[in-house]
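Next come two complexes built around chain A: one with chain B, the other with chain C.
On to the complex of A and B.
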């Protein structure tokens, strides 16, 4: 029996609380009365994963069994989420690989020869061979990679894109030609949070810039309230329109998986525990880990964090028709992550961890830190944001002026050139987006190296548009002043300083909420 | 950004000691529920090894050379009624009231060696068998066998069920109350011992224990100082009457143990005439106050010879 999430009121009995701050761990004493939202404890995984997958394929929702959809001579494409999910990367075997193996076993039994596997990267960087091997497993990798039948999606390969048509709202739907022309597209996803999956999988993961720009823009993002609630997200509404159009042209068999909250490996178990229940060993681990990390050279510290492998267990596998599957998946995700919270507060506090979807095996640059805080964490709500309109957001992260030239080349120019001119999402979209999206050098790096697409930093900035529109003030604790200033934010040395700085807008005794995450929690704000 | 500022929030030993109140009882924030983990399902712990000849010999030695001298040095037991065992052939079920961890060693050590070496103790699986060291220690010294207090799967699933052991010739010591009485007063009996006696066709020997609560109540791990008096009184073996149900047999057993307690306070004869309770109930029929029950339970047992019913 795992305990549900809950909201703590900080009092004089409350010990200092754990706060993530990039590649470091902090203990913070919050003012009395601060509300702290703790995610539900990790649910147990399914007993027999192989049997659960087999059952999902044999008894899908809203679809015939996969076995009945496979036949000799058919063209089968299997697409799957890239390594941006889950976070941190799963300890092998990855759930996607387990599912793909069973799908291929059925395909082999049905005599299917023409099979291709596509990493649904959209405008993300190409995964390396090792990363793909990690996701699909050795057996699948060895069977398809040398034959070039297992590859990263290329959104700039014009010859291999197929324009399906326009939605009722006039949105282009353009996806991988191979997927579009297949007799069956099997999509394997990892639904780490509620915004993943559904029509967002194929209609976005296999789409080109021409298609993505219809929903990845500042206007749509401002009206997505929130990303974690697809029925109130303009981004998802657009993706759903596209997905439905796609489903009319192409048979899609969606396989979605939900995970529990075992975000950290066993030795870092204290990171998921409630602090007043920390044993002496947990306290010693916290002391040793935080002090040790602080003393480490930056490169070693990053390696320590990036080599962390989560011990997620699968709580559900559902297969079949996209929307029917997604409803079941969302129920499983909510069961694990939803916490009821009563009303908004004046100040909201996040401790941003070392990892977001776009810096796996890489550097969290300032744009990505902003996206993680104002894009992802801020949107971890259903109903209304945790902070009132005009309220203050306080984030813990050092926001170093650090970029990966390999993975994020266009981010460097975005930071130096675009943000120097404006931080308003709509302005920079109108003025700069097209140039970056069509820049031949960025396109070349995206296609041949391991760089995110030239337009990607713009999308990251748009992710924060709703938060920027909603908030009165954003203050970073312990951050590099130069980087936060460039992004239009302020920085403080301590929480007390940040609250002092915010007092002009929220007063001297503001109500404060701290979202104690990771592990993930979605606040159901009443 | 100064180095000092960037290090703000790093834990310090002093901060940890203050935050988590080292050396004091840890506190739970008022708005949080204290964490009470669910009891783990009882683990199977085989006790068969404890009934092998070698371990039996070792146990006999431990009980007579260590356990009995130790118990007898800490308390002053008076054992009566052992004559009821004369001529009786085992196996039997010994059933006693239970208010202290002293009860099992008191009964075992007061039994004649021939009976003692053939007697095992039915012990709560969820208490005595939840840690390997406790299970090992009690099985070695007392010959405990796990008994599921909820009447669930453990006893049934275990290869060494009480019924099997009885049919193999082992006598068993049961505490039908299921747990130690928190106030020393005898609580309601569970029907397990009676059912077992009915099923195996063995008699039950009732035992009344008095004074063990005062000597070592719940919460103590060692008897109080001063070698307090305790009394262990054996009753006549009881067999089920014709067509008697386990429930009725249990009621009769409880009455008999209560009578033994009364006999110990007064005399056999008066206990037959007036099997009085230790604490009279209130005039309105409600249960007496907790303190009165504890008061009565801790009434010193007089030393034998100093006070008799004929005084």
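On to the complex of A and C.
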């Protein structure tokens, strides 16, 4: 029996609790009275995944079965989420590959010859061949990659973009020309958290900067409350308007999947357990892992973490019309991640792990660390934030001054040039965004190398806009002071120091909430 | 005026302690003298990389002496310096970082110092008219054919005395400039000799702390002219020490540059560059990246070595002495790189070839450059800015401290350090009074 998530009140019997801090693990003793939110335990996966996929394709919601949409001579495009989902990367075979195999089998049976597969990267970096092979599987990769029928989306390839039109709110919808001109677009996604999927898939994953800038901006982001609740997210409202316009022009067959909470592979199973239930072996593993990681050379430590492959189980596969599919997927995601929490606290604490969506096989630079904390973790709520307006957010992460020149070249300049002038999202957007978005060097690296688009660091900064607007103070524990200062934050050596620093705004006996994540938990704050 | 071995020019009165030289005869003057010493030269050169202050103050072949000035020949006059600046080329010389190329262009021992404002002690004729004793003058230090009493060479004939071929000829010992010649003396002393062709009267209203900058400002004018900036071009000045700032001033006044970027290393230099009118002030940490952002150029990273740009600024003026390599990497194809500072590092010349760059030298300054510099410095705005450049003055007996300060001037926020050679030294800036005559 899988136990639901729950809220623990720390007392003198509570052992030190696990806290992620980048590429290290800590045990932290929290003050008595601290609320600790534990995610629900992993739900069991479906019994027969192949049969579940087949059933979803045969019995979609709000749509005819896939086989009825396929016909000889048609133009079929299959788009799928890139390797930024799920986190950590899924142990092969990847669920997307398994679904794509079945879609291709049906297409072949229907005599469909014109098939192309597009990695829906939007402005993310191009996936490498090996990364794509990991997602789609060896057979699909070998069949399509050499023929250039399997490729990364290129948002700067003007000749291969199609402007669909404007939404009622005047938003440009511009996506992949191949997808726009297809008789059918099949979109295969992974819903790791509630913000994924729905109209966010095709309308964002296959879109250009011209289209994305309408919702990836400081104004929209600050009014998205939260990203995990699409009905209260301005970002999602915009994506929904775009998606509905798109659906009027293009037949879309959406296939969404939900995963359980098996975030860590078996040998790291203690990371998903509750500390007072750790066996002696778990305790030894924690001790050995934390000491061993701290003693490792940085490169080896990163490799250890980045090579982690998670043994997720699929909890649901739903196919059909985008919105109908997404509602069912959300229900599955909520079943796995939702935890009821009573009210807000003065202080919210996160331990940020080594991985976010944008540093798969790469470095978590300071901007990505900020985005993970203030953009993603902060928004893991439904209703209202876990921390009160003007409250304090305390984050654990070393925030080293470290960047990948390969993956994040514009981040380097963003950190050195833009943040040196302002940390206000709106100011940054007005003064610098266009120059970075149209910079020919960044564009060149995005198109030909494996660099995120020049504008991407701006989007990461905007992700934090709602949190920056809501919070009174942000304090990083164990962080590099230079990097946190540049980003407009403070840093402390210990939790006690951080609480002392925060006492000016939240008092000496603040209410504290610690979100014990990963695995993921969405706080349903009443 | 060439000195004979049997007639030693100076008596050493102390090379280590702070004691003021006591001339044994009335005609001797105090001077800091650079003499030939291979062990000291090697020691200074070795230490200059990591311990430049030690190299300059303790290891360098420098000594404080009571020196008997050479006799004054017709056409020459005695000058009693008021202020004499410590230039980057002086520092490179005393710390052994300058090229051996210069070894045959100097004569030992010599008294450094070529940025001089002083009082004329004799009447003298100049190409600009007669100057009478007591006139406050500045010095164009290049020792040209006129000064050496030889027929004009091609450079001097074409009114380009900085290109004089006779700097080792005539009745003077070899020496490219006053301050590198054993016969003339130099600014780091109580008295020097100057030829009439070298002298320019200082406007009465111009304070000494501005006048002492006229020589480097004239050099900056010369460099700005050599840059041949075209309308609409984007210019980069690398270095925001005194030469960089003065070059910025000259570029703004004399060229149609659309935008002037300045690469500055230290916080005070960045502030000063902004005050001097830089369009943008870039950090020197990742200058290639900063220029790339501004010019939206393509940046490439070779397997070894520093990154470089395809694209970049139209014109770069290298005013730091050690950044020629970077200058070549950030200038667009077909652009120009002006070498304004004395080069102390060897660049990779591949971009010069591949990008078809023009590498232009800008050495010293001619009479016309001085005339422009005097006009420029006489302006109210420019004059006010120039007053901020002189960071501190030192009496000659504290020459070690002065050199130490000069070597750290950028970091300490002082543009130029100078010797105050007369009893009532100039107080350049009330904010810096505390550093006057003492270690800051």
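Following the convention adopted for this analysis, the second predicted complex is superposed on the first by the 526 of 526 C-alpha atoms of A that agree within 3 Å, B and C clash if a C-alpha of one lies under 4 Å from a C-alpha of the other, contacts with A are read in each partner's own complex, and residues count from 1 in each chain.
One rule holds for everything that comes next: a residue touches a chain if its C-beta (ideal position, glycine included) is under 8 Å from a C-beta of that chain, and two chains touch if they have at least 3 such contacts.
Just so we're clear, the structure is a prediction, and the values are computed from it rather than from any experiment.
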Based on the superposition on chain A, does the combination of chain B and chain C result in a clash or a fit?
fit
Under the stated touch criterion, which partner chain does A:416 make contact with: chain B (first), chain C (second), both, or neither?
second
Of the two partner chains, chain B (first) and chain C (second), which one does A:90 touch, if any: first, second, both, or neither?
neither
Does chain C touch more residues of chain A than chain B does, or is it the other way round?
B
Does the superposition put A:317 against chain B (first), chain C (second), both, or neither?
neither
Output check: A:398 vs chain B and chain C. Expected answer is one of first, second, both, neither. What do you get?
first
In the superposed arrangement, which partner chain does A:481 touch: chain B (first), chain C (second), both, or neither?
first
Would you sort A:444 into first (chain B), second (chain C), both or neither based on which partner it touches?
second
Counting only touches as set out at the top, which of chain B and chain C does A:27 meet: first, second, both, neither?
first
Just the number, please: smallest Cα separation between chain B and chain C in the overlaid arrangement, in Å.
23
Same chain A residues contacting chain B and chain C, which ones?
none
Can you name the residues of chain C that touch chain A in the complex?
283, 285-286, 289-290, 292-293, 296-299, 301
Could you list, by residue number, the parts of chain B that touch chain A in their complex?
1-2, 5-11, 13, 15-16, 19-20, 22, 26-33, 35, 38
Provide the residue numbers of chain A that touch chain C in the complex, in ascending order.
405, 412-413, 416-417, 435, 439-441, 444
Spell out the residues on chain A that touch chain B in their complex, using ranges where they run on.
1, 3, 6-11, 13-16, 19, 21, 24, 26-29, 274-278, 280, 283, 286-287, 290-291, 294, 396, 398, 478-481, 493-494
